[in-house]
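Take a look at this one; I'll ask things after.
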Amino acid sequence: MVSAFEFVPAIAVLPLVSFVVALTFGKWMPKKGALAGIFATAGSLLISIWTALTVAGFLGSETAYHEEIWTFATGIGTFDLHLGVFVDPLSSLMLLIVSLISLLVFVFSLGYMNDEDETGLPRYYASLSLFSFSMLAFVFADNILMAFMFFELVGLCSFLLIGFWFREDAPPSAAKKAFLVTRFGDFFFLIGVVGIFATFGTGLFATEAGFPAMAEQAITGEMPGPVSEFLSAVGMGAQQWFTILGLLVLGGVVGKSAQFPLHTWLPDAMEGPTPVSALIHAATMVAAGVYLVARMYGFYLLTPTTMAIIALIGGFTALFAATMGVVKQELKQVLAYSTISQYGYMMLALGSGGYVAAVFHLTTHAVFKALLFLGAGSVIIAMHHNENMWDMGGLKEKMPVTYWTFLSGSLALAGIVPFAGFWSKDEVLYEALIHGLGNPVLLVAWAMGLLAVFLTGFYTFRMVFLTFHGEPRSDTAEDPESVRWNVKLPLGILGVLAATIGFINMVPIKKLTGLKIDFLHKWLVGSETLNAEFLTGLEHYEPILKNVAGIEASYIAGSEITTLLLSAALSLGLALAGVGLAYRLYAVPEPVEHTKKLGGLRTLLMHNYYQDEYQVWLAEGVTLPLARVADTFDQGIIDGVVNGISSVSLFSGDRVRRIQTGVVSNYAALLTIGLALLLIAFGIVGGWF
Amino acid sequence: MLVELLIVFALMAAGLVFLVPDEYAGQFAAVLSLVPVGVSLWMYSIFDGTGNALLEGGQPAFETVANWITLGPYAISWHVGLDGVSMPLVVLTTLLTTLAIVSAWTPIDERESQFYGLVLFMQAALIGVFAALDFLLWFVFWEAVLVPMYFLIGVWGGPRRKYAAIKFFVYTNVASLVMFAGFFTLVFGLGDSISTLGLPAIAQALEAGQLGSVGGFGPGTVKLAAFAALFFGFAVKVPVVPFHTWLPDAHVEAPTPVSVLLAGVLLKMGTYALLRFNFTMLADVARANAALIAIFAVVSVIYGALLALAQQDLKRIVAYSSISSMGYVILGLIAFTPHGVGGATFQMVSHGLISGLMFMAVGVIYNETHTRMIGDMSGMADRMPVTAGVFVAAAFGYMGLPLMSGFAAEVLVFMGAFRSTTIPMAPLFTGIAMFGIVIVAGYLLRAMQKTLFGPFRLETDYEIGRAPLQDVAPLFVLLALVIALGVAPDLFYRMIQDAVFEVTALGLGGGA
Amino acid sequence: MVPAEYYLLLSAAMFCIGLFGILTRRNALIFLMSVELMLNAANINLVAFSYQWGNLTGQVFSLFTMALAAAEVAIGIGIILVLYRNFADIDVTKPTTMRW
Amino acid sequence: MIPLQTQSTLPDWAALAPTLLLGLTALALLLVDSIDPDDDSPGLLAGVATLGSVLAMVVTGWYLVAGTGMPRTGGAIELFNGQLVVDGMSLFFTFIFASVTALVSVASYDYLADRAHQAEYYALVLLAATGMTLMASANGLATAFVALELSSLPSYGLVAFLKNNRGSVEAGLKYFLIGAVSSSVLVYGISLVYATTGVMKLPAIATALGGGVAGQGTLGVLGVGILMVAGGFAFKTASVPFHFWAPEAYEGAPAPISGFLSSASKAAGFVLAFRVFVTAFPLEVVAGTLDWTLAFTVLALVTMTLGNFAAATQENVKRMLAYSSIGHAGYALIGIAIVTGTANQGYALGASMLHLFVYGFMNTGAFLFVALVEYWGVGRTFEDYNGLAKQAPVACFAMTIFLFSLAGLPIGGGALSKWALLSATASAATLSAYLLAAALIVNSALSLFYYSRVVKAMWIEEPAGDFEVSSYPTGLYAAVVGAAIVTFLLLPAFGVVSGTAFDAAAALF
């Protein structure tokens, strides 16, 4: 029978086709290209499911797949560059998520864009399709160069979509910012990629020939030839050099996943259409960074320093973003900062060795964040594109579907049992804790993450209460525009998922009851071949984590259960506390702004800790003036010299011709003098006298 | 004989176009110029050259040798041939010429027949430059390129065209003569070991360490002096900072189609010559001074990008960014690794296409608005969506967007440079140079945001219509090529690799 | 007999006198005469050394020189004539319509 | 080519056929004029002059092809007891003179239209040409002087030919006065050389000097003599410091004559210098007394720099060409300036000869174009040339070829010859040689600037006034276009002449 794996490329190619179709024929198509996208992503979803089943081992025997499909650039006497497909549990899971969310976003867009009869829809759907294409191709990339390429394309699509309403001033500038900031991160990423190729001669993620495996050998076993060659060239130890490479790649991750300090582009990115925000934050662009770290986890595990840094960045970002989320006025702004914060959790998990936890949170977050954004989208439709929460209120009755689904999403985000967020976030914190007990750095990261739980609960429900509860605070809120099925359907699906998706990995229950219900964990442990041949299974990672990264689990009072319950109770309690505070402050008929109580802190938070300010200053206060100086220097000095030479020679020419006075006697005189000079000079030289 | 066919046909076409009346000249020239395109593509398809034309074991395709003149002790011959380096450049030349001619239909509205005649004449010379394998022959073509360019800028250019034309003319001519003198020092240094000025003969004699002392100077000095002279001569053409100041003026004043050829092909003459002479014949000197040259390269990249950042004139921006992009070529060449030199060569082609695309896009906007100043317009995407779309695509191509040729070229150069053994602290140098990709994004995004996006506004009082097909069509052709080469660099990269591999081995031991 | 150096000195003196005339005098005709003086300085050398070396080459050549000098004068007079017609003067420093 | 043995087929004196042809043509012209004194048949005169010079050209060409006087056919042919010698070099230059004369005669037909004394004009031109050919084959100082005068005296007359034109007369006067001084300097120099060696024939002088005849005491005398001889030649070649006549003479003279003098007469000076210095004063013999290559190096440097810099800012095209021709004298001097031991001597000298050859056509052509413009009555300044290409594209195209070829761009032979010189300096590779190379580069860059000013005026600038080209004179056009074609053909067909030149030059050493 045919294997699903042969069709994996199609997962990405279908959206690509729909991109071309929408771009060229979109104008004349019934839904302006939406249908093309829907069909394409639906197809991708089906193939993804098929692939997932195959990976799970239900169909056929092989459960992972690697194939080089296109030689990109042939090298003679050096390595080739190629594009290839690599399917393993991680990538197949990601494929599933991405294609699902894309499909739903396409459907939702029918309501959000078409029904609002926006212009330029073909462009919109084309970009959307390109976005899905890039992301899917990125997911099944088999080497880091290919990953980078589609990583960049994702950036392009974000540029196109954020700047979709190019006729206004704000969106294009936001788009520019998004691309520039992520580009800055990608600059380091690219150095990392180039470095990896230069060091290992390959960019493969998996198999013995892959660079993580070679790196592992270099550190644990005997040094592979090319690697030692290069290391001696740069004159560094393996550990040291790999750390540098890892950090360089991490630059790209920080940029795309909007981690501190390169998070500034994400809130601005809200200028784009809301479905786009859903896509960007839930499943694609921002997820890409975290996914990349998971993808090359085998490499990061080798360098404890990098791991620690990842954890710290994650923990800090989680807290940092959450604090800013507390004071935002606009619905989508709150969600934006929550996104940053949630991805912080994933980084925290990865950094502290919680591979499963990270992937778990990535999954659940994809669902509930998509849900929240689409819900917000539906609210925004209802509010005629007014996003200020202080103009809303009392929408609960007006739009029940939106309300209940949004609520489910919010509970998930806040991490209230038994919604998805609880399970994943709890596991993240648990992993951080147990590994942190033996490792102060991780413990600090854990503490920050824990603190963020409270804030998350607070700002989430502040948002919910302000939007849906109390009395309507504006005329539009009085009678909001109603939304159609194409909005409600995706909300419904996601709402259910948000409530239930957490059950795929209920570790605490397992630990307590001993039921083998940690499906995701099993899934990521992967098959025999995966660990033996492709080396991307959990069983391959765990020993490295222990031996090389030196991150070991230790438990409070030596009891795993105690620790487990403690951590769960702690996070749940904090979350509930946050919700409760929000309830006391905002779940009243006439809520008022309490931010003044924060005093000086408020302005700081309102200005997002002046992050934008200093980055803008770096760009326009430092770089531009520098460029101008360079320009003046160029025009003045360098070009001045060139022009100077010419004018000097012309001037001297003008002097020289004055010798020709026109008086023949002078000529005779000069002639005589000239001859005399020659005679004297050569007389002296020749010694005639 | 196919190379001869190309050159002779281009010359005859030029002659014919001079004679036809102005109103038909454009179309006529375009049709004629399709023949070289076809021929060159056919040559590409049957290309059978192996190795590097200058080195032992190299067997250029379409090679012909015929005795031309005797210059003192040296037999000068008509010696042409194409190897993996020159073949792509010839294809690039023919393609860009045709596209430039078509894109000239709109902007060029006086003395057309002379314009197109000169363009075709220049095409002949350019093909000659890339195909010639005898020094004097090569130099004839090299210098012959100047003449049409002088007129093309001087007659059909902008307000300061005369200044720009003469500046370009004199500056590059001085450079060529210095380079000529330097090269002949080398030739006489080789003494009786060569009897022709064939580049392969000279290169191989140098490899064999035949260089003797000239006048009072020993071989080492001679080599170094010659290298310096040659490097200066070509650096002006490339241009490498600080010999670049003729370029912005020339670009800004030249009409768009001419800018296309100037950036697309003429700059490549410099890098091509650098590869042939400095980095193949005098590889050992190049290696010895790798650090210095790498610094030249990096400075060109960063400084050029910074200058572009400071500009308001769209054309000036592209002009300066060409300087920046050419810096990558130098970096790749000096790396002396297969991907380094190969990537550099690929970058020559790729940048030829992309910069051509960029200039054409600017040109189309200019045709409609009659301004190129960023401040004068905004929201053009509202009125010229298609053009704007291509402009965006071109800009991202310039930023090295994956699946477009620029990315392939740059990443290859970086990979080559990163693991280079010639450049000291290669990773550091490469890393610094790579910061160019951030700055380029900076100024191009800024330019796009200011001109294409935002609410529509235009200072000049012109009625904006959609650009005519003849203006936009070339853009799409180029875009298609850029993407094709971006998805499948091997179309050219394979033969390039084959031709440059030998080069990377040079200069390690040999040479006196 | 008189040593050769004396002739050399004599001719040199004549040559310099002629040169001096050229540099100082403005009248075209006197200019011409000065030139003649210089030519004859050469002739002195030629004749003297022809005697010195004991061959006739020098003497014969001096005859040639005289002839050519005559021809030169002929042309010169002609030019001076048209000069006078155009500038109503034979001052050699007058005609300066072309300079620089 | 047929290896034709001149000795066996023709008597030796036949080797002088070109010279004789030119001389006889001059006489024939006078004869025609005496038969029919009132100039009603300009066509006939021009025709005869052209015919004669073309005949001379053809014969010379034939000899060159046949190899008369070349090593491969038994070496130089000595005539009149060795006073004259016919060899590759003399024939090579004779060819230049003859072809320039032909061009000038053709062009003059229109230029002189309805002027008096045409017969005298042509006769003088041909006599001057005869003198030049004699200079090319003069093998003794005496013959050299006589030949030089034979070419100079008619030139004086020709420059002043427009006797009602103040410019022409002034030019004639200055040319004549400086010429007179220079010739007396030359003669005095000759006398001094004779004083130290006692002989006049060049080879004899060499042997005499080699035999150490020149005692310690007479060292200075010899040195002064040689320098003064050099001065005499410098006058002919319009090199510093004997160049002062040139700008005025070329500007004031009838344009065809300017072309004639600035190319043919200059070349004549050079051939004489080459032969005399290489044959009579071999460096290894006189180096102790006077390293004349050093002298010529200085002259070359100063000459080319002064010429080009002065030309750079001229307003008058003809005067610009005049100065540039001084500059080119400087270039040509390079050849003789670097015939040192280290250099490939034949190569160096050959390069100079080639440059003079190409120069003969491109420079004459340029001046003839000026003649054409004067004929039309357009002004002489750059501004007056504005937009000329719209009126007369063909002529302007020809002029563009001349100018760019002069500037050394490869759309004419000028490029190759200039590059030959540049490479020759590289072959010498002494410090002074590199100095020359540097000067050459700087100067030709500058020359590119001022030559392209003319091109710019013709093609780029808009015409100032509404001026209409009245007629298209056949003679002038024929000459200009012909010169342009030859100039261009010398690029691809450079080999035809280069071989001969290098052989001829090599034969001298």
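Letters are used for the chains, namely A, B, C and D, taken in the order the chains are written, and counting of residues starts over at 1 for each.
Please note the rule applied: a residue touches a chain if its C-beta (ideal position, glycine included) is under 8 Å from a C-beta of that chain, and two chains touch if they have at least 3 such contacts.
All figures in this text were calculated on a predicted structure; none of them were measured in a lab.
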item: Most central chain, judged by mean C-alpha position against the global CA mean; value: B
item: Where subunit A and subunit D are represented by their mean Cα positions, the distance between them in whole Å; value: 78
item: Distance from subunit D to subunit B - Cα centre to Cα centre, in angstrom; value: 42
item: Geometric centre distance via CA averages, subunit C-subunit B, whole Å; value: 64
item: Geometric centre distance via CA averages, subunit D-subunit C, whole Å; value: 26
item: Subunit B residues counted as touching two or more neighbouring chains; value: 170
item: Junction residues of subunit D, two or more chains touched; value: 173-174, 177, 181, 185, 247-248, 442, 449
item: For subunit A, residues that touch 2 or more chains besides their own; value: 646, 657, 660, 662, 664, 668
item: Contacting chain pairs - touch in the sense defined above; value: A-B, A-C, A-D, B-D, C-D
item: Subunit D to subunit A touching residues, read off their complex; value: 173-174, 177-178, 181-182, 185, 219-220, 223-224, 227-228, 231, 240-242, 244-245, 247-248, 288-291, 294-295, 298, 306, 308-314, 323, 442, 446, 449
item: Interface residues, subunit A side, partner subunit B - complex; value: 71-78, 81, 145, 148-150, 152-153, 156, 163, 166-169, 171-173, 175-176, 179-180, 183-184, 187, 190-191, 193-195, 197-198, 230, 233-234, 619, 623-624, 626-628, 630-631, 634, 638-639, 642, 646
item: Contact set on subunit C toward subunit D in their complex; value: 4, 8, 11, 15, 18, 22, 28, 31-32, 35, 38-39, 41-43, 45-46, 48-50, 52-53, 55, 57-58, 60-61, 64-65, 68, 71-72, 75-76, 78-80, 82-83, 85-87, 92, 95-99
item: Footprint of subunit C on subunit D - complex, ascending; value: 142, 145-146, 149, 153, 156-157, 160, 163-167, 169-174, 176-177, 180-181, 183-185, 187-188, 190-192, 194-195, 198-200, 221, 247-248, 251-252, 319
item: Footprint of subunit D on subunit A - complex, ascending; value: 646, 649-650, 652-654, 656-657, 659-660, 662, 664, 667-668, 670-671, 673-675, 678-679, 682-683, 685-689
